Structure formats: structure tokens, C-alpha cells
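Next come the structures, one after another.
Look for chain A in each of the two complexes below; its partner is chain B in the first and chain C in the second.
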Partner chain A sequence: MPTIPTTLRPWALMLPLLVVILGVVTWPLFRTVSLSLSDAGLVATSGTFVGFDNFAKNFGSKAFQAAFLNTAWFTLLSVGAELVLGVLVALLLNQPIRGRTALRGLMILPWALPTVVNAILWRLIYNPEYGALNSLLLQLGVIESYRSWLGQPQSAMLAMVVADVWKNFPIVALIGLAALQSVPRETHAAAIVDGAGPLARFRFVIWPYLAGPLMIALVLRTIEAFKVFDIIWVMTRGGPANSTRTLSILVYQEAFSFQRAGSGASLALIVTLFVMLLASGYVAIMRRSALRG
Partner chain B sequence: MERRSPAFTVVIYAAALLLAAVLLIPILWLFLMSVSSAADLAAKPLRWWPADLDFSRYRILLTWEPNTMGQAFLAAIRNSLSVAFMAVGAALLVAVPGAWAVSRNPQMEWSLYALILTYMLPPVALAVPLYLGLSWLGLLNSTFGLAMIYLSILAPFTAWLLKSGFDAIPRDIEASARIDGARLDQILRILILPLAAPALSTAALFALLLSWDEFFYALLFTSDQKAKTVTVAIADIAGGRVSDYGLIAAAGVLAALPPLLIGLLMQRAIVAGLTSGGVKG
Partner chain C sequence: MGALSLVGLTKSFGALQTLKGIDLALKDGEFLVLLGPSGCGKSTILNMIAGLIEPTSGDVRIDGRSVLGVHPKDRDIAMVFQSYALYPNLTVARNIGFGLEMRKVPGAEREAAVARVAETLQITELLGRRPAALSGGQRQRVAIGRALVRDPAVFLFDEPLSNLDAKLRMETRTEIKRLHQSLGKTMVYVTHDQIEAMTLATRIAVLNQGRVEQFDTPEMIYRRPASLFVAGFVGSPGMNLLQGRIAGGRFLANSGAGILPLPDGFGHLSDGQAVTFGIRPEDVSLAGPDAPVALPAMVEVVELTGPEKLAVLRLGDERITASLAPGAAIEPGSSCRFLFDPAAIVLFDTATAQRLDPHPDRSRDHPARSEYPRG
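Entry: the complex of A and B
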């Protein structure tokens, strides 16, 4: 490439990637911004400029507020449970036990199972007439009659969280395990010689190695949970009585079911704003650890 | 190491058994449902272990006859495969040079961080314009159109994975090749790519899994057998009028088989990739 100045050469290599991103990410994002300021519909797209009307209307709407709370609640429960389980399982897998390698191999399974298959699997398990959960609980004497786990607002969200946690806690555990394995044996042994109990060792020897990677897992999982769509769409479509309707589901319904592209775009941007706040946190952590390492 | 009390050992092994059960039983149950007779599945309480194995649903799903569920399912598998191969191929094509440039020019690193931000954007933020754009191009309900959209996920993602792979290749090799008079494209083709082959294949596999798993865009942008992918097809089967739960389970098993096999075979590479922190959880 003799005609391109040396300093620009790397950017020439970068160009195809940038063009692609420009086409399928940057451009649509800007279109979403301009749509959000209009009353455009999905089919007759040429709406008129309405300023921040969509945002004002949506922020004030009960549907948005409920969907926001549902999203926050889902995120808090799922990510919280995934972190706690993840750390416990990581500690377990770090023990010198027989069959440890096989057990670690099994951890891949929920992760590799496609999200939609996972949702279908749990929907079948929760089935009100023939589901395994009903049968199991009945046989154990925990319940007296079959229940509609996904059909009742009180239990639907919790059932959803269980399905999501089952799929995602292994990832947190594997990240935690990798961190645990970076704790130097000598430090750990020295702490034992010095008479540190298990809790003190966890706090002062293990935790410093665990905290960084866990923070990364926390932010990544929070972002994913906040965007949640697939599992909810397949299991309940946001029902019953909108009790599992999260922000992404709401955007889908507004923009595609009700074909209000402008209003849907404004909702999508609100979700984006939250996600980007979390994501900048993630990038900041990554850069800091990249600089240190 | 500290000596452990027998009680501690018992607790540890009990916990390990419990963990194995939690991981395995739901997947095993999916398979059992797929081979249980309809009568066993409808029993109250359930018949946990089928009286005899019934593989007929697999035959239903794997038969290519016009206007059958089998045809719809197999067409969906074909569509998923072609979307995945197009999208992964295109993603690697643009990500390899970009990631290499960033790896060799640290002053460009910020552009990769900007790229990760785009990767984390919620798909709903792009969905409406992408829908309008595809419709304008006449690419709605087309595997090619869907593959192009998947680049928004796969290109930043593979670039990020590849960059850390390229970082692991020492620069000295290139320097000496350059002194020997090798051109840039020769260096990339003859030196870097073979050395980066493990990183390349990991990135390709991750991208393949992501593409196979994708549901939201496929739900929006495809509408019939011409382009519907397997995730949408099985959601259709599960949400439709099918009354045989075993059939739904069998479709799930078939859709899950390729990623589960890849996951088990590529365990080491996947765990390494996942724990490096750059990967979606």
C-alpha cells in the first residue's frame, strides 16, 4: 500500500470494521434518536417533529413505570442470586475433590443451552397441568393441588428468575473460579500458618483476588439482565397481567405490536441510557485492569 | 494444605453432588420428555421414567415432506446455518484486519473500547431503524438481510476476542519478516494468521453460538420458512397449538444439540474466553 501514509495505514485496516459498524449500529442509533422526537408510525414512517413529547408521555405513563420496576426487580433478583451462587460454587469447584474436572465440564451445559430452549424447558417444567414441578411438589407433599406458576402474577416473576439464574450462574462461577485459581498458594498457606480462620482467609487472602473479576461479572450480568427479552417473551410474553413485562418487552409492543415507532424509539433510548451508564462502568473497570496488567 | 475434618469432606461432596444434579437434571428431563409417550407425560403425577422409549417425534421433525412440521423445522435449521455461516464469515473478514491494527497500534485502543460499547447496546435501540432499513432494501424475511444485521453483534465481539489473541503473538516475528522484505499482506497471511489460528477458531465458534442463539432480531425480521431461524421456529412450536409436549421437547433437544456439543468439545477454549472478561455472559 504505497499510496497510504504510514500513520493512516492501521486505520485503513480498521476501515471495513468501521464501515460495518457505521451501517448497522451508528446509523440506526441516530435514526432511533430522530424517530424518538417524532410521532412516526411503523408503516407510515414520515411523522412530524414533536420534540420531547414521547419522552414526557412515556415517563409519566403507568405502563413505563411498571415495566421499569419489573426490569429492576428482575435484574436485582437474578444478578443477586447469580453472584451469591456463583461465588459459592466457585469456592466448591476450587476444592480438591474427585470428579472436579467433570463437574467443571457440566458447568458449560446451561451456558451453551440456547436461551429460547431454556425458556421452553422451564415453561414445560412449570406447566400447570403436566409440569414436572407440580408433580414433584405434589409427590413430596409440599402442595396439595397443581398450580399455575407462570399464570399467576405473584409467582410468575420468581419462576422466571429461577430459569434465568439456572442458565447464568455457571458463568459467574467460572469467572470466580478463574480468579480463585490466581490466588498464590504460598499466600494462602502462610495465612493458615499464621492461624487465620476460614472467614479471615476469605476476607483478606481470597477476596482481593476475587473482587475485580466479580465486579466485571456483576456489571456484565446487570447489563444483560436489564436488556432481558428472549426468556420472558417465550415464557410469558410479559404476562400475566403484565407482571413480567420488562422494558424491552414494552418497547417491542409499542414499536411493533402497536406500530408506534416514534414512541417506541423514545422508550428504547431510555433503556439505552441505563445500559450505557452500566457499560461505561464496565469499560472503566476493563481499562483500569488492562493498565494494571 | 490444612487437614480437613471428615464432616467437612462429607459436606463438600454432598454439595458437589447437588451441583451436578442441578446442572444435569433439567437437561436430562428435556430429553426424557422428548422420548416419553404422550400418556406418560399426561399422567398425574408424572411418570418420571418412560415405560418405553418413543423416538417418533424425532422422525416427525426430521422428515422433509411438503407442508409438514418436519419441513418447517428442517428449513429453520438450514436458515440458522446459512445465517450463521454468512454472519460469522463476514464478521471475521472485517474484524481480523481491524483487530490486528489495534493490537499493533496501542494508540488505537480507544476505538475498540468504543466498539465494546456498541456491542452492549440493547437491540431494541436499533430495531426500528433496522426494520425500516431492511424493508427499504427489500431484505426483510431474508437470511442474507438477517446475517447483515447480526454483524452489529458479531463484528465488535469477534474484534474484541481477536485483539487479545493477536496481542499474544510477539511483535519481533513481524519485525524480522519486514526486514526480510515481506509485505504487510504477506505478514498477515503467512505469519500472523497461522499463529492466531487458535484465537481465530475460538472467536469463530463463539460467534457461531451467538448467531445460533439469537432470537430478537430473527423474530422481528423473518416471517416464514424462507428465512425463519431455529430459535423462532421452536418458539412457534412451543407457543402454537401443539398439544404434544414431547414434540416441543424434541425440537428443543435438536436445537440445543449443536451448541451443547460445541460447548463440551471446546470446554477449555470457551472457559478461557469467558473468563477473560470480554465476553457476554
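Entry: the complex of A and C
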């Protein structure tokens, strides 16, 4: 077997990975950029160069603005609720309660389900004719007749948020629980001796250990939520009346339903740009708080 | 202002009883050290005084008043922890003043108290920093400051020096001693380090498996250990313990190390009784050629520690350690003769592991008492 010179060995070892990255990341990204600057269709992929026309057109379109607002709204609501619920559940599961280990395992279940399965599950729960939610609310006397939760623009987005929160709060709770277990017991005891009540203990003892990991959960969940596609596609396909159409749904529709690959590619790049902005904003905040440490 | 008594304290976790009846009474201003190996229950006792753990039975009284069911913050105690337990996102000043802040002490008054304490502990220049920017020693000073500022009746220390390096440990130990002397407050201090216990305490309670083995002054704990456990736990190197039995008013070592005369007052022990003969290394000395009752031994190992020379001597199958002057003329591999200070000998009943005390009735003394040279 021929020996590889030492200086080349690292490159040789990394070669397979480089090929994969070039194939599935770099090349598609390059293609997306070149597509976004053309009027290519889905069939006639070699369109003519149109400069930044696609970007300008999409930025000004009502569909884009509506989809952006839907995405922002969805992200804000679901990530916010996931953080609050996740922390509360983590605090609960950190208490010395009976069956804690089993509960911790059970808690992770929604997150372990594939998104599509979760989406189908919630579509059934929201079903206007035989859905569990209608039955429950009717029996509790909250509603007087069955409703089509996913069929009305007013409720569809909220129903979507609930389904997403149910699926994703466990990962926040899991990260939170890990963080809570790093809170030193002695600091807790010191705060009790110092006369700190539950709220003061949360603020001065628990929060310093929770904030960092929670920030990571926030970054992960925001980026995920901003790119949301599958759960919405399975439940409503962006409807009714485009009330749940987020940016990723819009990208898909533009590129594949309306067969405007160039325009779709420009939208995809806009989404990417937003996500990068969000991520770098978070990283900057994390750096600053780490420095203050 | 700070008399503390523990009355029949027990603690059970299910079927496991970790404290088996602790009775200790302290006068105001005493420095009690709870000394014992890990798992002996010493931290549990401290947490019970603090109110962080409730006893299964028994009572904790501060100034004669039971504090059971009283919230820790209302017990007039302050606690210093091993891991410092500082609030990571508060400045040193707020860490120290936190207890006052929680008690709604007005800002100006609080700041004055914090400044005063910082002055005492010489950490004024650290007041604006956060705990992450402090060294271990500085953190522990802040933790002590947090206790000082409250001016409690009783100070509780839970192994406060264990996380510090050797040099800082000594400095902080002296600092705590100084504080005790100047404040005159009751202090309860948990440690497994017998040097800390010896140097700090006015009285030590040696704990073992949830019981008090001995509650006495450091001097008595060291010179007159109440049990084999205390004898072995306190002192470094530990007390030499030779197994044997009484034969004709003398001690006959099982290992064949020889027959040792007993000091005054042990004439009442009956022949054949199994006893353990204890002697501290520093009470073993080399004998001159004309000493009357010296024992022969082989010198196995000699270690110079600086202030002393430790010699491991072999007599029969038994080994004893002697702590000698650094200049002592002794070579490994050579033979020597040594003797014990008779006043320092401690005898234990091997069956009960408890100390045997000399009988007050001197008339029953065995003539063997005169065998030890005086001096």
C-alpha cells in the first residue's frame, strides 16, 4: 500500500467529507444563487439572466409580506410558549416527586415522534366532524357546536402553534432540566438561610445557571420555527386563505406549484438570509453575556 | 446570646438511621468542631441546626428556645459552605448584603454594614466584582463576609476550607480563629480534617456512624481518646496501637513484641483481659544505653518531615511509629532501644473498644508501676 505524505494525510482523511459537502451544500447553494438571478422555470431550468429582478419583485409582493408576517407570528408564539412551558415542566420534573424518572421519559415522547406523525395526529384532534378537541370542548361547555379549527383563518394559525408547541417543548424542557441539575444545592441552601423566597431563589440561584442553556434552546428553536414547513404542509398546506402560509411554504409553492424556479430560489435565499441574521444576532448576545460571565 | 443545645437528635431515611441520638450542649461563644469521616452524620447535624433538614426526633435549642419548625432565616444563624455558594450573577457587595436585602434592610444601612465587613476581611477592593472573577480564597472570604454581615447568634461552617489549597487553607483557618476570638460568637464547624478540628475548637465532638464517640476539649481528645476510633482518627501519624493482653499486671503484646510495664493505676485489670496499648508517636523516644526498661527494635524506615523525624520501628511482628527530633541519630536497618512516656500511655478494652481508666484506688496498684523511670 503506498504511503501518503504526512502533510497530505489530513486532506486525504477529509476528502470524502469535502466531496459530500461540495455535493450537497456548496453546489446546490451555488445553483440556488445562479437560479435566483434568472427567470428559470421548473422544466426550462436554463433561464435568462435577470439580475436582482426576482428579489425586488418578491420583496414588494403582498404574498411575501403576508408570509413573512405569518412566519414571524408563528415563530414568536410557538418559541415563546415552548420556552415558558419547557422551563415550567423542567422545574416540575426537577422536584423530588414520585415516578420522576418515568415522567422524564414520558415527557420526551412528543419530541421523539416524527413531525409528520405529529401533524397527522393533531389534524385528527382538530377534525371538524369527529375530532377530540371538539368533543372535549363541547362536553366542557366551552363551545356550542363543532368547529373547523383548521378551516378558519382566525383559528388555523393558533391551532398550528399548539401542535408545534406540543411537539417541541420537550427539547426545551430537556435542556432546562439538564441546566437545573447543575444548580449547586449549597447555593440553594445559602439562599434559603439568607431568607430568599421562591421567586428570589429562581432569579438569583436558578436563573444564572438556566439562562445560558436556555439561550441555546432559543436559538435552535427560533431557527427551526422560522424554517417551519412539514407540520404546516401536512395540516393545512398553508391555508385556509393562505392564513398559515409561511415563507418556506411560499418558497415551495413558488418553485414547484407555480413552477417558477428562479423566483422560488430568490425567496429561499431571502429565508436563509433572515435565519443567518437571527443566528448572528443571538451569537452576538451570547458572546456578550459570556464575556460578562 | 448563642447557647446551643442538641437533645437526642435522630435522623432516619426509611429504615436507615443516620443519626442515633446526638446530645451536645454549648455555652455561648464556644467553638464546636464536629469531626468525623464522611458519612458519619456531621453535615446532617449542621443542616439540622440551620433548619435545612428536620430531625426525625429530638430537639435543637438556641438560647434555651426550641427552633424546630422555625424557618432557617428566622433562626439567627448564618452558614458558610464548602463550595462558597455565592450568587454567580451578583457583585461581591450584593452577595454579602443579600441576606440583609432579603430582610428589607434599608439601602444605606446595608451598604454601611457591607463596607464594614469588607474592611474586616480586607476585600473592599473586590466589592464591585462578580464571583467568577475571584480566586477560591477570595470567594471563601466573601462567603464568610455574607455570614458576618448578618451578625447572627450562631455561625455554622460546613467544611469551609476543603476546596482551598494547603497554604490558603492555613491562612483562612487562622482568619476564622481570629474572627472567633474577636467576635466571641458561638461557632459550629464541620470538618473531616483533624488539624482544623484541633486548632480551631474549644470543644470537639468526634462522630462515628451517627454517634458521638467523644465530646471534649482538643487536648483531651488528643491525649485521652475515649475509644479506639478516636485514637485512630485523631493525630497524624495516628496513635500506635498494640494488641495484647494483661499478664501479671503487665501488658503482653500478641505479636511477641515484648512485655511492657503498665503505668500507675491499672493494677485492677485481671490477667488474660484483652487490651489495646496506645501511645502517640511523639511519646516514643530513643533510650540511652543505661535506660532500665527500654525495648529493643529494628529501624525499618526513617522519614525527615522537616520539624521532626518519623521512624518506623519494628518489634516482633508489630510496627510502631516514633516522632523524634530532626537531629536524632537513627539509621534504617540498624537496631535501637526505645521507651514510652508512661503518662502518655492509653489503654483500651479490646472487646468494647473503649478507653480503660486508671483505678483511683492506688492500694491495688501493681508493683510494676515503679518500673518506669521518672523524668
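Throughout what follows, the second predicted complex is superposed on the first by the 269 of 293 C-alpha atoms of A that agree within 3 Å, B and C clash if a C-alpha of one lies under 4 Å from a C-alpha of the other, contacts with A are read in each partner's own complex, and residues count from 1 in each chain.
In this section, a residue touches a chain if its C-beta (ideal position, glycine included) is under 8 Å from a C-beta of that chain, and two chains touch if they have at least 3 such contacts.
Because the structure is a prediction, the values reported are computed rather than measured.
Placing chain B and chain C on a common chain A by superposition gives a fit, with no clash between them.
By the document's definition of touching, of the two partners only chain B reaches A:N168; chain C does not. Touch criterion not met for A:D53: it reaches neither chain B nor chain C. Judged by the touch definition given at the top, the superposed model places A:D39 against neither chain B nor chain C.
In the superposition on chain A, A:S248 makes contact with chain B only, while chain C stays out of contact range. By the touch criterion defined above, A:P208 lies against chain C but remains apart from chain B after alignment on the C-alpha atoms of chain A.
Looking at the superposition, the partner that touches the larger set of chain A residues, chain B or chain C, turns out to be B.
Look at A:A189: by the touch rule set out above, it reaches both chain B and chain C.
When the two complexes are overlaid on their common chain A, residue A:A200 makes contact with chain C while staying clear of chain B. The superposition of the two structures on chain A yields an angle of 80 degrees at the Cα centre of chain A, opening toward chain B and chain C, reported in steps of 10. When the shared chain is aligned, chain B comes close enough to touch A:V20, but chain C does not.
Of the two partner chains, chain B is the only one touched by A:V89; chain C is not.
For the pair chain B and chain C, the model built by superposing on chain A gives 5 Å as the shortest CA-CA distance. Shared contact residues on chain A (touching chain B in one structure, chain C in the other): 189, 192. Put simply, chain B touches chain A in their complex at residues 1-2, 12-13, 15-16, 19-20, 22-24, 26-27, 29-30, 33, 41-42, 44-46, 48, 90, 93-95, 97-98, 100-102, 104-105, 108, 111, 113, 115-118, 120-133, 148-149, 151-152, 155-156, 159, 184, 209, 212-213, 215-216, 219-220, 231, 234-235, 238-239, 245, 248-249, 252, 255-256, 259-260, 262-264, 267, 270-271, 274-275, 277-278, 280-281.
Interface residues of chain A facing chain C in the complex, by the touch rule stated above, are 184, 186-187, 189-197, 200, 204-205, 207-209, 293. Listed in rising order, the residues of chain A touching chain B in the complex are 1, 9-11, 13-14, 16-21, 24-29, 31-32, 35, 42, 45, 89, 92, 95-97, 99-100, 103-117, 119-125, 127, 129-130, 132, 134-135, 138-139, 146, 166, 168, 170-172, 174-175, 177-178, 189, 192, 213, 216-217, 220-221, 223-224, 226-227, 229-230, 233-234, 247-248, 251-252, 255-256, 261, 264-265, 267-269, 271-272, 275-276, 278-280, 282-283, 286-287, 289. Residue ranges of chain C in contact with chain A, taken from their complex: 47, 50-52, 71-73, 77-79, 81-83, 85-90, 98-99, 102-103, 130, 132, 146, 158.
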